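Letters A, B, C and D mark the chains in the order given here, with residues in each chain numbered from 1 onward.
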Amino acid sequence: MEFFVTLIQVLDSTVRLATPLLLACLAGLYSERAGIFDIGLEGKMLMAAFFSAAIAAVTGSVWLGLLAGIGASLVLSALHGLASITFRGNQLISGVAINFLASGMTVLIAQSWFQQGGRTPSLFGGGRFEPINFPFAEALEGVPFIGPIYSELLSGHSILVYVAFLFVPLTWWILFRTRFGLRLRAVGENPAAVDTAGVSVVGLRFAAVAICGILCGIAGAYLATALQAGFVKEMTAGRGFIALAALIFAKWRPWHAMWACLLFGLLQAIALRFQNIDLGGVVIPVQVMDALPYILTVVILAGFVGKAIPPRAGGEPYVKER
Amino acid sequence: MEKMPKWADVVLIPIISLLLATILSAIVILAIGENPVEAVNLMVTGALGSTYGWGYTLYYATNFIFTGLAVAVAFHARLFNIGGEGQAMLGGLGVAIVCLSVPWPHWTIALLAACAASMIFGAAWAAIPAYLQAKRGSHIVITTIMFNFIAAAFLNYMLVNVMRPQGSQDPATARFPEAVHLPTFQSMFSSAENIVFRGAPANISFFVAILACIVVWALIWRTRLGYEIRAYGHSETGAVYAGISPVRITIIAMLISGALAGMMAINNVMGEAERLVLNSTEGAGFIGIAVALMGRSHPFGVFLAAILFGFLYQGGAELALWTSIPRELIVVIQALVILFTGALDNMVRMPLEKIFLSFRKGAE
Amino acid sequence: MTVPAIELKGISKAFGPVQANKDISISVAPGTIHGIIGENGAGKSTLMSILYGFYKADKGEIWINGSKTDIPDSQAAIASGIGMVFQHFKLVENFSVLENIVLGAEDGGLLAPSLAKARKELKELEEEYELFVDPDKRIDEIGVGMQQRVEILKALYRKAEILILDEPTGVLTPAEADQLFRILDRLRSEGKTIIVITHKLREIMENTDTVSVMRRGEMTATVKTAETNPQELAELMVGRKVLLQVDKVPAQPGKPVLEIEKLSVTDSAGVERVKGIDLTVRAGEIVGIAGVAGNGQSELLEVLGGMRPGQGSIRLNGEPLPLHGPGSDGQARRAQHIAHVPEDRQREGLIMDFYAWENVAFGYHRDPAYKRGLFMDNAALRADTEAKIEKFDVRPPNGWLTAKSFSGGNQQKIVVAREIERNPDLLLVGQPTRGVDIGAIEFIHKQIVALRDQGKAILLVSVELEEIFSLSDRIAVMFDGHIMGERLPAETDEKELGLLMAGVAGEAA
Amino acid sequence: EPALIFDLGGKFDKSFNEAAHNGASRWAEETGGTYREIEMQSEAQREQALRRFAEAGSNPIITMGFGMADPLAAVAADYPDTTFVVVDVTWLDAPNLRQVGFAEHEGSYLVGMMAAMASKTGTVGFIGGMDVPLIRHFGCGYAQGAKAVNPDINVVANMTGTTPAAWNDPVKGSELTKAQISQGADVVYAAAGGTGVGVLQTAADEGILSIGVDSNQNHLHPGKVLTSMLKRVDVAVYEAMKAGEDVETGVFVMGLSEDGVGYAMDENNAPLVSDDMKAAVDKARQDIIDGNVSVVSYYENDSCPALQF
């Protein structure tokens, strides 16, 4: 029974930790499916985390904070679009620059705005996303097995968690059942085909990059206003990169992305909850657990889970005139 | 036909890009309510106004030369090594092991051994991403980022569980013995009545870095290996045609790159801290990217760009010390430099090409 | 007189320093087939891409059916009833045929109704024009001929009244090409206007109503097909009298130099491209390999040149050579005295950003002659370059220019000079004159024949039947990874080779 | 002009460094004096910062945390005319060094008692920052206090990490708190610098009590923070600045009797602390000062009688 309680706790924490990964991963999915690689997910999330917390702290409204976070992330998206679509620059370098820009700007602005050493004031009340409790969650708590699963694991998360998971079927539907999805996938495979079919490559790619910005914005806002109560510097802690790994693991497919993010979330939850793990005499040091998501990423990239073929036009600017 | 003369490509474009980055930085400083002129003033006096300031500027520059060269060599093979940070951390581990485990009679021998160790450790850390890129096509950008995180965890384990002296609370190694302390600029250039570079960490490694620039230059432009690296970097299909093995070049270029990044440790670990601490690299691995982009991957350009960033770093530290501008301003400037010299290169290039083209049309 | 379906007035277009189209005017009557011919790089594709809104002209006007029309992008072109089949197809490889046809011409936000409607209309179009394709197959599962049908259906589905085809027969066998022209004929009879770009004078003569000739970015003439002849067209194309045959003495084949047995090659995607072929090339002869592009010729050259591994056996002067692992890469092949003029000089044969003198060592950079101590002997290299530039008349004669600053013909001269001057036992040559003007073609052909006359073995791959005929002492035809047969040039004709190229087996060689 | 070097975690960690900041601001307000300050961003900067301030003539130079021990050992001798002050270090040997330590175990003992008295479940939690003897020292005193009230009490203890990053990891603090709650804890004590912000936040969200550390953190979540274990770093800094260049060197340890440690009472936690609780804790305080009760120090023992780490 105690094992079951711990399990539910760990899974509960998995859901919380997988949420920002999932949002960022889906963000990357839109962008990369359209042929724009984005290693700046991290930076966009960080910027969004800061602005959502800052605006929520100043206005006391988490919803305004969310909007601000999305807006900030969109600005960086626009920059990435400008560099990689309009000026056909190197998408990797642009992503690296955006990550640095976010990491520096957040602290700089936070310091000049709040003078709290690069953080925002703590959020409380309407400045944070509160957990949503499902109907009868309390009443069912006592029921064995089903009770904890319903009221601990499924109920009691912030609304953004549910939004993130709803985005999985929605993304699948958009991608494979709508005109926009068809064009989006086509532009990541062969932009010239889209262009000669009379559809604007630039427009589609900017749209994809904008959606990516919105989702990163939500991810950042979730970190600062739901998972935590305020911004601290570098609070994204590499999640953008893990989301990218999850995306490759998922081979750019929405449902698989969800499972990949849950796996990484689980690893993080285990690393957070347990220190040195004793496996019958062999002690796994905490550093190994901390590094495990990264190690796993490398293993995945090494193709031990089958070759992941990225969208064919990915990473290359669409150049008509050399 | 060339669209532009070469000097425009290697001099004019970087200068314009840098100018744009500077203007935006000034706007950022204004926006956080500080005076950019004063800030620049403070940075210049702090970083270049005294031998002390120069001692720091050159110390940082030494780090950046190594990491900048590392990124540049990889760039020549069209590999984007973001793993300089991790490779430099591992280089530090190699230096620490060498300095602590052998009773070296003199610093000169210790320096040679430390160079070798830092290169081997740094190269080893680059080897796995290199192998995965070459053989399995795993994207080197992501694997090297992952290896930075893994290096941090590994170093953490080594410092906390293995190398921390008994009873110390700090996750750091013991101090290195007196015998392996490297001569600093202070000891090298001071006379009895005139003490220069007092307390500054610049040390003999700076000259090792200059030597590294020369060696890398000769390697890339004068040897057959360099020829193959450049050829592969320009055209993979061409390399295959010429019998240049992409696998071999990818791995060799990354090993050299990792070794150069690792060598940074002789400066910051052996020359400055004289023990290995967590985070000893302080982001120099990433600055190497900006340095290589600015320096157009040429050792001489890398050298100049490294001095520039050394100045920015030391100036930025002075700002943090004497004003309320956080050190992160430097990260922002670095980001802007990468953005303009790297990603937005075409923004400057395309109009310039037009101008040169119309000049030529006019001349015809 | 009827209003022209298309009228272009004063179109100019520059790509950086290259003036691809210079003040071009042309007018096409409705319900006709109009041909455009011109050498490689003459600007044909550029002009048509401007008409289709793919590129934007720097200057000039486009008139459709008598009214001035602005065509800023392909959408506008489609709206004006223009459809285009590009030289390189614009299809999404991992989409189905149906998805490719619907892309950009959907009827609303949701896919399902669009796809259903397209399926129905496709059936009607197929039956009307006998353009049969399986709508649910993925593009990468069907052959190039089929892909071309998809492209044509794409245009028809968008109700194109004006259809542009850019070198449609380059990828087709002669039989497939005939079928294509039958379809075009039918479209014309329905009143549609068709523009066809091609290199092949025979196709022009047989199928078009009028023809325009382009040279070096300019439109040199537009004539009625019935009132001209191939010789005149060729002269208009090149700008001087042309010699269509290479002078050469009959070959004196000696002992076998290259012996290929049961050679198979699998490409990186795991598809078998060469399927157990046997072939011998003797000293002092040129063996030409004919075939439609994509039937394994490239892979054959690549294996012999050490660019990819293979299975089976090859012998050079009786010595077996490894086909994979050590001793099978490009360096090893050069050491084994095999030289290789690759099919694509820009992607393979040269490093476009290297100086000419650096390119002269490309592949031979580990030669001891270019070595001094630890370093490369750049002075020796530059001296060598000067000699080669002089001998092969490379223009401009400046070793300090990067490869990309030379024109296509001069780039090819640098490659040929490097390979031929090595004095190899076996020379592999792929598409030696693609994108090269007539003058340089003559020069390069002479060099190849001279090498043969020194008693060397030469294996030539070309998709141009004319080139095969004029150079080869023996012709082998490849289809689908097999050698369909060997013929002597004097004892065969284009027709027979065409059948072999289409996979219709003759008697075994 | 004095200088103050904050430890990693920054001067607004609401805890250890913020206490130092408060002490320095108080001195500046009272005297109108100015001081230089810098926040460490990474381990590698410690020595540089020391040298920079020393070169610039700052005196005394006040530094925070045991991480400064090693750099000080290297630097202090180079600047014999400068006096350095270090908080949380007591084992160095240098003539121009003022080393200030605190009897954290005594203060933690008192808040441990309060935790045990406030707990309804019989389980209380301890969340440490970086796993070093100093933090075990806190935890050990806390467990002894709790057991003094209720010998059967269950004390759950977790550390956040093994590096200085553990001082500033609110997410992990929050997750550990949730874990401890699931193990039945209804009072948690966070001795974890900035990480504690996450602990206190989660405790408040989940409706259990928490105990702050170093600074008075009762106001962070009024009515949800039982008390805070005060460590008068602010006093140490204030006094060092006030004494100026002539600040006395040597080793100083501040315990309950010197008011160097204690527990915080204010209007934010007044409703949570009954008169009985207060009386019991005050009595224990006096007993410790009088020597009637002795709290085992983890430092001296290298192990803890009341808690297994």
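Observations, loosely collected:
By our rule, a contact is a pair of C-beta atoms (placed from the backbone, for glycine too) under 8 Å apart; a residue touches a chain by one contact, two chains touch by 3 or more.
Note that the structure is predicted; figures quoted are calculated from it, not measured.
Chains that touch both chain B and chain C are the following: A. Chain centre most remote from that of chain D: C (centre = mean of CA atoms).
When C-beta pairs in contact are tallied for each pair of chains, A-B comes out on top.
One simple way to say how far apart two chains are is to compare their mean CA positions; for chain C and chain D this gives 77 Å.
Our note on geometry: chain B versus chain D, Cα centroid distance of 39 Å, whole angstroms. In this assembly, the C-alpha centroid of chain A lies 30 Å from the C-alpha centroid of chain B. As a whole-number value, the distance joining the C-alpha centres of chain A and chain D reads 36 Å. For chain A, residues that reach two or more other chains under the stated contact definition are 118, 287. The set of chain C residues that touch two or more partner chains comprises 16. Shared interface positions of chain B, defined as residues touching 2 or more other chains, are 156, 160-161. Across the whole structure, chains are in contact as follows: A-B, A-C, A-D, B-C, B-D. Of all residues in chain B, those touching chain A in their complex are 28, 32-33, 80, 82, 128-129, 132, 136-139, 141-143, 145-147, 149-150, 153-154, 156-157, 160-161, 286, 289, 293, 324-326, 328-336, 338-339, 342-347, 350.
Listing the residues of chain C that touch chain A in their complex gives 15-16, 52, 54-55, 73-79, 84, 86, 90-95, 99-100, 102-106, 108-112, 114, 154. Chain A meets chain C in the complex at residues 176-183, 185-186, 189-190, 192-200, 312, 320-322. By the touch criterion given at the top, residues 52, 56, 156, 159-161, 168-172, 175, 198-199, 201, 268, 272-275, 277-282, 317, 320-322, 327 of chain B touch chain D in their complex. Of all residues in chain D, only 36, 38, 41-45, 47-49, 51-55, 66-67, 69-70, 74, 78, 132-134, 162-164 touch chain B in the complex they form.
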